[in-house]
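Order as written gives the chain letters A, B and C; numbering starts at 1 within each chain.
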Amino acid sequence: MTDQISNPTINFIKRLIPFVVVVILLGVVPLSVPPYWADLVTYVFIYYIYAISFDLLLGYLGLISFGHQIFWGTGAYIVGILITRGITTNFGIVLLFSLVVAIVLAAVLGVLVLRTSGIYFSFVNMAFGMAFFALSAKWYALTKGTDGLSGFERPWDMDGTAFYYFVFIFFIAAFLLMRWITSSRYGHVLIGIRENEDRMHSLGYNTWIYKYSAYIIASMFGSVAGVLTAYQNKIVTPDDYGFPISGMALLMCLVGGRASQIGAFIGAAIVVFLFRVVSQFTEHWLIIVGVVFVLVVLFAREGVLGYYYKIKDKLNGIIKHQ
Amino acid sequence: MASLSINNVTVKFGGLAALTDINMSVEKGERRGIIGPNGAGKTTLFNVICGNVFPTSGDVYFFDKKITKMPIHKRVAYGLGRTFQKTNAFLNLSVMENMSLAVGNKKLEPKMFGVKQRSIADKSKELLDKFGLIDKADELVKNLSYGEQRVVEILLALALDPRLLLLDEPAAGLSGSEIKVITDLVNRLPREITVVIIEHDMDMIFDIAEKITVLHDGKLIADGTCTEIKCNERVREVYLTGRAE
Amino acid sequence: MSAISVQLLNGIAYGMLLFLLASGLTLMFGLMKVINMAHGSYYLLAGYFGYTIAKLTGDFYLAIIAGIVFAAVLGYLMERFLFRLIYNMELEQVLLTFGFIYIFQDIGLWLWPRSILVITKPAWLAGSLTAFDITFPVYRVALIVTGLVIATALWFFQEKTRVGAMVRAGVDDREMVTALGINVNILFTLIFTLGAALAGLAGVLGAAYIGLYPGLDLEVLIMALVVVVIGGLGSLTGTLAAALLIGLADAFGKALIPEFAMFSVYAVMALVLIFRPTGLFGRKE
């Protein structure tokens, strides 16, 4: 790692090439596969944006936010409510509004939720998550309960392909933005807090501010994912406040590799495709999810990326000895 | 000028008094040792100074600034650095990463991210080099020898450029030669830094400290130069008999 | 006045049910620092199993025993074969048991219908009592009594037995436990199984009170988690106090703002978080 600084240009190019390749490959997807699969990849993009926001808390701060779906759901419902009530169909306004609401919500919840840490944090988050789920199911006047809000169109009435590229842009932007945030000093401080918050205090860091700001940042990304998912499905229901949303994100981060935007993508792709394929063969996909979860936790905690680095280190070790 | 002033500090946990009416003053640049049997309240004293614990009554002054109820990170910003009895480094991170976190919090040249990261790396390497750990920069701290970990522990505090450095049993669990390394390290520290050290190893204390404060059962029972303490009857009693009362 | 008494009783009854469930969680955590997210699943599956037994035999008491045993076995298996691999790894425990929620949900959906299932109470428990001008269901009184009995038994266990002393002290260091002459493996397995059994008991008792349906596992889990957050993990007194508090908040919430009754519970939790983040009786970790 200390060598990397010696030649930044080469390192940058080393990283740029795979990035460009992947972007190109993803870019030609809608042109080369049937719409069903293109839609699925769109779904992967949307879930990815959510997963990296979840990972900001999980991978970098070591906090499992079982209530993170609050932001997904809120983003989605804002789309539903604003459009079906005739307030606006302007995407920009909808997006902006959802971000503002996410920030306010996170600012309030964050104060409460960050009074706890570790397992209490997860519990409290879970409870608030349930509160929003119940609220969305019961507040018929606002949300039409379990019927859900529907009957709205995508921005500019985009069809599958156009929508794919639309979401693709958000996907790339989210990737770059989150990567920048986490590889900066801010990201390193978050990791320090994850590793030893106590010591971080003694090193002079106001850890609360870091956690709070990360919570708010994560809420914004989560909200964007919610907005996009509403447009993709053209319907919003209480399930958008459901636990499986965070459960899936958790699985994605585990399978792909925590504290990594690349790992999250690998995880998102694997999980989405795996379960889409599995559900073609059996209705018992829940148990498959559970079993995969258990196996990954027991045997592959660091995910695909973890294995990749292990193998890479081994190879490096072998090369060094020659 | 007193770098540290502890005025009538009492610390009670429930019914238990961990510290009773402690009065202590450390001059700038001084090397002060704190000794006492286990349970005397030495670490509690450090906790009060650093902010891990607030006193039930009394005040703490740091260079004339009242810091009694100040949050930990603010005290550190004022120049307080501390090590822990049980190694409290970032075990799963590399030595370099440990240093970066400690170094990275100071106000370095406020420029773009890229430049700042480079300066952090340079400063970290400089420190590691100076204290002989540069070869282990990429090792995870948990993979270092215990002695090396104790050095990292001290470096984490030093990297903050503290005006007051509190060392809590830095020699705990170390071998004779390792203790010598740490002692040299401390003795090489510049005079701008005030050093307060808790230790059980008497040789180390007498090697480093100019004045010594003795705690017993939460109370300050003696305060003076090395020779005065060595001759102090009460201190001998407490140490020779070993147990309380 | 009678309306308030009725709500009071409802609240305490529900609180007792929550206590039974949450006490298992807190027991497991208190001794072994173990988090079991599938605890709500024990409740539901044991309830389902008890329901089936009740339907087949018509015997309510047998159903209760069946539920307890079922949950105990489930707990035993999980502890013996899985938890041993991840002791002291809090994150992994949360993740692993979270994965089990999915597995148990699938089993529930697979083996039992989705409609709300209720266990029929025996005649003597199905009626109402009238006293001091108030009429309330006998079953709720029975729940309260059961809860008190169990609470007392647990208190006795914790205060008066050697094993209980270790639970109380929160001794989770396996070496230390062994040094005190107790077989660690057996102890931990025992406690875990006991905690699961409590969940099973709650499941069957609850099945005759609030019924069984898919999704209930998460609902009761959340309630139990709120209870332990408010009461403080590891404290039996705290669990009881918090469970009663939540039960009452829920009952009065349902009476006063029926549409949004559950928010009374979350409001209580939010308040506790603001003023006492480590819970009312929380043990410092």
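Keep in mind that, in the parts below, contacts are C-beta pairs under 8 Å (C-beta built on N, C-alpha and C of every residue); 3 or more make two chains touch, one makes a residue touch a chain.
Because the structure is a prediction, the values reported are computed rather than measured.
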Requested in this report: Taking each chain's centre as the mean of its C-alpha atoms, give the chain farthest from chain A.
Outcome: B
Query raised in the report: In terms of Cα-based centroids, which chain occupies the most central position?
Result: A
**Report entry** Contact-richer chain pair [A-C vs A-B]
**Finding:** A-C
Query raised in the report: What whole-Å value do you get for the distance between chain B and chain C if each is reduced to the mean of its CA atoms?
Result: 47
Query - Where chain A and chain C are represented by their mean Cα positions, the distance between them in whole Å - result: 33
Query raised in the report: What is the distance, in whole Å, between the centres of chain A and chain B, each centre taken as the mean of its C-alpha atoms?
Result: 42
Requested in this report: Spell out the part of chain B that touches chain A in their complex, as residue ranges.
Outcome: 50, 71-73, 76-77, 82, 84, 88-94, 96-97, 100-102, 104-105, 113, 116-118, 120-121, 125, 137-138, 156-157, 160
Query raised in the report: Quick one: in the complex, what on chain A touches chain B?
Result: 1-2, 5, 184-185, 188-189, 191-192, 195-196, 198-207
Query - chain C to chain A touching residues, read off their complex - result: 35, 82, 85-86, 90-92, 94-96, 98-107, 109-110, 218-219, 221-222, 225-226, 228-229, 233, 259-260, 262-263, 266, 269-270, 273-274, 277, 285
Query raised in the report: Quick one: in the complex, what on chain A touches chain C?
Result: 62, 64, 112-113, 115-116, 118-120, 122-124, 126-128, 130-131, 134-135, 138, 243, 247, 250, 254, 284, 286-287, 289-294, 297-298, 301
